[in-house]
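All chains are identified by letter, namely A, B, C and D, in their written order; residue positions are counted from 1 within each chain.
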Amino acid sequence: MIHASDRWESAILIALLSAIVLLTIVTAQRGRKYFVRRIPGLNAIDEAVGRATEMGRPILMVPGLSGLGVVGLQALTIFSYIIKTAAQFGNRLIMPTADSALYTVAEEVVRDSYTAAGKPEDYDPNSVYFLSDRQFAFASGVAGTIFREKVAASFLFGDFFAESLIFAEAGQQVGAIQVAGTVSTTQLPFFIASCDYTIIGDEYYAASAYISREPTLLGSLVGQDYCKIIILLVVLIGTIAMSIPALGAKWFFIQWFTL
Amino acid sequence: MSSFAENLQNIDRRYLYLTLLLIVVIGLLVPIPLPLAVGPQARGVYDAIEKADPRKLAIVSTLWSASTQGENRPQTRVIIEHLMRRKLKFALIAFGDPQSTILAYEVADELAPKYGYKYGRDWINFGFRADIAGTLKGMVRNIEETLKQDTKERKPLHQFPIMKGIRNFDDVGFIAEVSASANYVSWLGLVAGSTDAPFCYAPTSVMAPELYTYIDSGQIAGMLFGIKGAAEYERMLGIKGFTTRAITPVSLTLILLFVLIGLGNYGMFASRRQGGKA
Amino acid sequence: MIEYSHPVGIWIGAIGTLALFSLILKENWLYRLFEHMFIGLAAGYTIKAAWHEILKPQWWIPMTRDGQWPWAFALFGGFLFYTIFTKRYNWMSRISIGILLGFAAGQAFQATANLYIPQIRGSFKPLWVTQSMLPAGSQVTPLGQSLNNILFLVIIITVMTYFFFSFEQKNRVIQSTARTGRLMLMFAFGAIFGSTVMARMALLIDRVWFLMHRWLGIG
Amino acid sequence: MNLQKFLISAFPAAKGSMIWIAPLLVIACSVVLFFVLQSLPGRARKALIASLTFLAGLFYALEFFWPVRKGTDENFLTFAVPTVGNVINVLAAFTLGLGVFSLVRIHTGKVVKQREGWPNSAVLLISIVVMAVAGIRFENTLFFRSLFRDVLNSFDAAMFATLAFFIISAAYRAFRIKSAEATLLMVAALVVMLGQIPIGQYLTHWIPENGSFASIFRLDSISNWLLLTVNAPATRAIGFGLGIGGLAIALRLWLSLERGAFFEAKADES
């Protein structure tokens, strides 16, 4: 599907989902209160930061391999909340990045978070750095850092590929408390096997709303839930139609989604 | 005091690692004859090449880099070797990673003297293209116009004898893609409809499970399942290459994993029964 | 035939391989040395690739040979990123960052449609399958396929229920649906884990073979 | 109106000595633009960033939603897609200097101050120079090919291969019958692994492949079934959530609705 006109009905569904999200965002910004359920892994963040404080060892944050896009930015948003907590306790921070464009933003996010926490003087410009955009060169650098610094807590959020297990096992072996979340579903099993807490699926996108309780984000989250209900309904209707011989694949509703 | 059973559930990882390394080395040095059944998917690739029309061109598309060469290189090798045995004309084309054209070229270049294959007459390298969808869409209409020149000699395609009478996918008799990613979408979506050539796939074993749907539906004629697929293929070709050697340690390492998981669980239950900490 | 390998290169590659492997036992000075070499080489290669694959063909040549002078504005756009290091001008870096983000965001509509509409369509599976619906030569019986399709739907529903965030999952039915969803997820993750193992072993074997055969000449 | 023709006539290609003069003029304009931008008040800065972000996103959104011309698969913006793609690539490539600068700054600092491990930092700096120079100036030499293939590729593959070790220790530790979840994880993994390895397939290879009910008990059949009927819908259901989540965050960025550490453009502070 290159253009909406290739299959208008499908494109309208995408537009409809977008509209729903925008609508709930606007109502939330106008003061409507929304609820978000507990996400277990995220409650562990304070625990992890606390542990790092006790041990006096640094906290590692890796925003994944992807560039300047929604996934990497979401990781940085989550990190900015963690940094604000960590800044209160004076934890040392290490954030290696794998993309130069994302690195520039990361550097700003970290600096701003220290300022927002009221500790601009604690910000260490060497704590955020660009390491490599080559997957396994990056992995070798991060793994080496984990072992050398014996990190106390490790937060892996973003787009990860095969290197996920290198980070997670290295952290496991130095006894770090690890919280991970990724949009790469194929890497989730390895995080689950080696990390203390794993954020699964779109809990990743819900995380910033959960931690910040920002109305915009909560509104968006509610909208996303409505969208998922719509998709579920579409799947149900399609399935039922396919099961009725008189309707089948030729039925107009099914054709709407046939590219 | 820690009992034997408790130790079993906490074996120092260094012992695990050294055992693994040892098993790999021994497995590579001492070929232990382990049973290997040739599966229907590998046979599908074999039959497709056996049945391919020698007047038509075979296309081997590659999309892999050094990081997955453990599986993809032997796959590329067995397919090219079989094509050469059958004296089929073939072309290499690469997508995804610029490295993949160099790596695949090397494999073919190495085998060529053995079968008397001459570049430009019996085989050709179309080279790397960044935009797979655009390239394939163009090739469906006209291969020469889309690709323009080869990569080795950088000459227009029509100057090569191999390209005589080859216009589009109607003149292609066999397509295989050796890949570390999910590229089949482009091939099946954009090309499959405009050719009778069977489409075969040689993915890494991580990617392979995704493809069964298409094998089931007949869109993919055959598949080499990672390194195991290459080993099965070597067996059908009757050659003893790297994968025939490598398949022993592959099996041994997985058996090691089973044993370790067993020991860990045994240790956990045994120490629980003894009232130890689980 | 073009030569790709040189014995000196193979030696460095082999010693580096052993050094990088040594991390699994203990972090040590040799690992550290090769780690730094690796990162340096990778950065050097990135510079080469950025010039040869992007800047030269897509920017420099069009501008200086084909006379496409508006490309010089890209230099300004690129320069704005560098204001990030100054206190006074660093707001300007957000112009370029914003443009890049805008482009990334704008692609979301097409990307979402392309990625998920076919998956939605692919999830329309008949719950009651007859022989005529099966592809010719299929090994599955209609009953088997019906059960598979029902399971498919059940898993989609339960897993998606697990991911609803905006209401408390207090209702018994929803609670147990979400719980089933989570168990299904674990089952699926186990399958992913299992299907990855052989590929990883193959990579190790390839490396050990490189060390034994290409470097030491064994076998 | 044809946008493509309009743009070509509005920005004609430079010829002769103008090839060099025109870009220099653009750079001179850029300097002026820089100071004009700096003179903007805070509110205007914020609005400028938001509107440029919106316009950039609007290009792709419009290109997607605008109906195509009859008989083609193009609309009035389609011609520009490759160019805009190039612009993104070029802008992103320019940021590479920042990344490399960060790397060089940290390691030069270590070398100059002779801090612990400075020889490694020196090796890193030398490696950058050697690879970059070899790659750009001496690409067609055996030196570069060997450096790339024997050294850099070997390192890549070696690091990738350490996963074999890590996957063993992870599986050994995680695959315990502790809870329902861990047990399911383990059982599925074991079945799939058995279905993949030759010896596992051999265990059940005597069961006929085709045409009989028993064939579903072949290990490879069970493993395929797991991947197709259990893994596929679960992954898909996760995917739907991720797709919506991604779409939502893209909307928030595009329309500058996001509030948080970074996104609350602080242009008006400085």
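Note that a contact is a pair of C-beta atoms (placed from the backbone, for glycine too) under 8 Å apart; a residue touches a chain by one contact, two chains touch by 3 or more.
This structure is a prediction, so every number in the text was calculated from the model and none was measured.
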item	value
Closest chain to global C-alpha mean, per-chain Cα centroids	C
Chain pair with the most C-beta contacts	C-D
Inter-chain centre distance, chain B versus chain C - centres from mean C-alpha coordinates, in Å	19
Separation of mean Cα positions, chain D and chain C [Å, integer]	8
Chain A and chain D: spacing of chain centres that average the CA atoms, whole Å	15
Rounded Å distance between chain B and chain D, as computed from the means of their C-alpha atoms	25
Touching two or more other chains - residue numbers and ranges from chain B	13, 17, 20-21, 67-70, 205-206, 209, 226, 228, 250, 253-254, 257
Touching two or more other chains - residue numbers and ranges from chain C	2, 4, 20, 23-24, 32, 34-35, 38-39, 41-43, 45-46, 81, 84, 90, 100-101, 104-105, 108-110, 112-113, 120, 123, 153, 156, 160, 163, 185-186, 189-193, 195-198, 201, 203-204, 206-207
Chain D, residues touching no fewer than two other chains	64-65, 92, 95-100, 103, 149, 153, 155-157, 159-167, 169, 171, 173, 185-186, 190, 192-193, 196-197, 227-228, 231-232, 235, 238-241, 246-247, 250-251, 253, 266
Graph class of chain-chain contacts, one of line, ring, star, complete, other	complete
In the complex with chain B, residue positions of chain A that touch it	135-136, 173, 186
In the complex with chain D, residue positions of chain B that touch it	9, 11, 13, 16-17, 20-21, 34-37, 39-40, 66-70, 99, 205, 209, 212-213, 225-226, 228, 231, 247, 250-251, 253-258, 260-261, 264-265, 268-269, 278
Complex interface listing, chain B residues touching chain C	13-14, 17, 20-21, 24-25, 27-29, 67-71, 73, 98, 102, 106, 109-110, 204-206, 208-209, 216-218, 226-228, 242, 245-246, 249-250, 253-254, 257
List of chain C residues in touch with chain B within their complex	1-2, 4, 24-25, 53, 135, 137-138, 191, 195-199, 201-209, 212, 218-219
Residue numbers on chain D that touch chain B, as the complex places them	149, 153, 156-157, 160-161, 164-165, 168-169, 171-173, 175-178, 186, 190, 192-193, 196-202, 205, 209, 220, 224, 227-228, 231-232
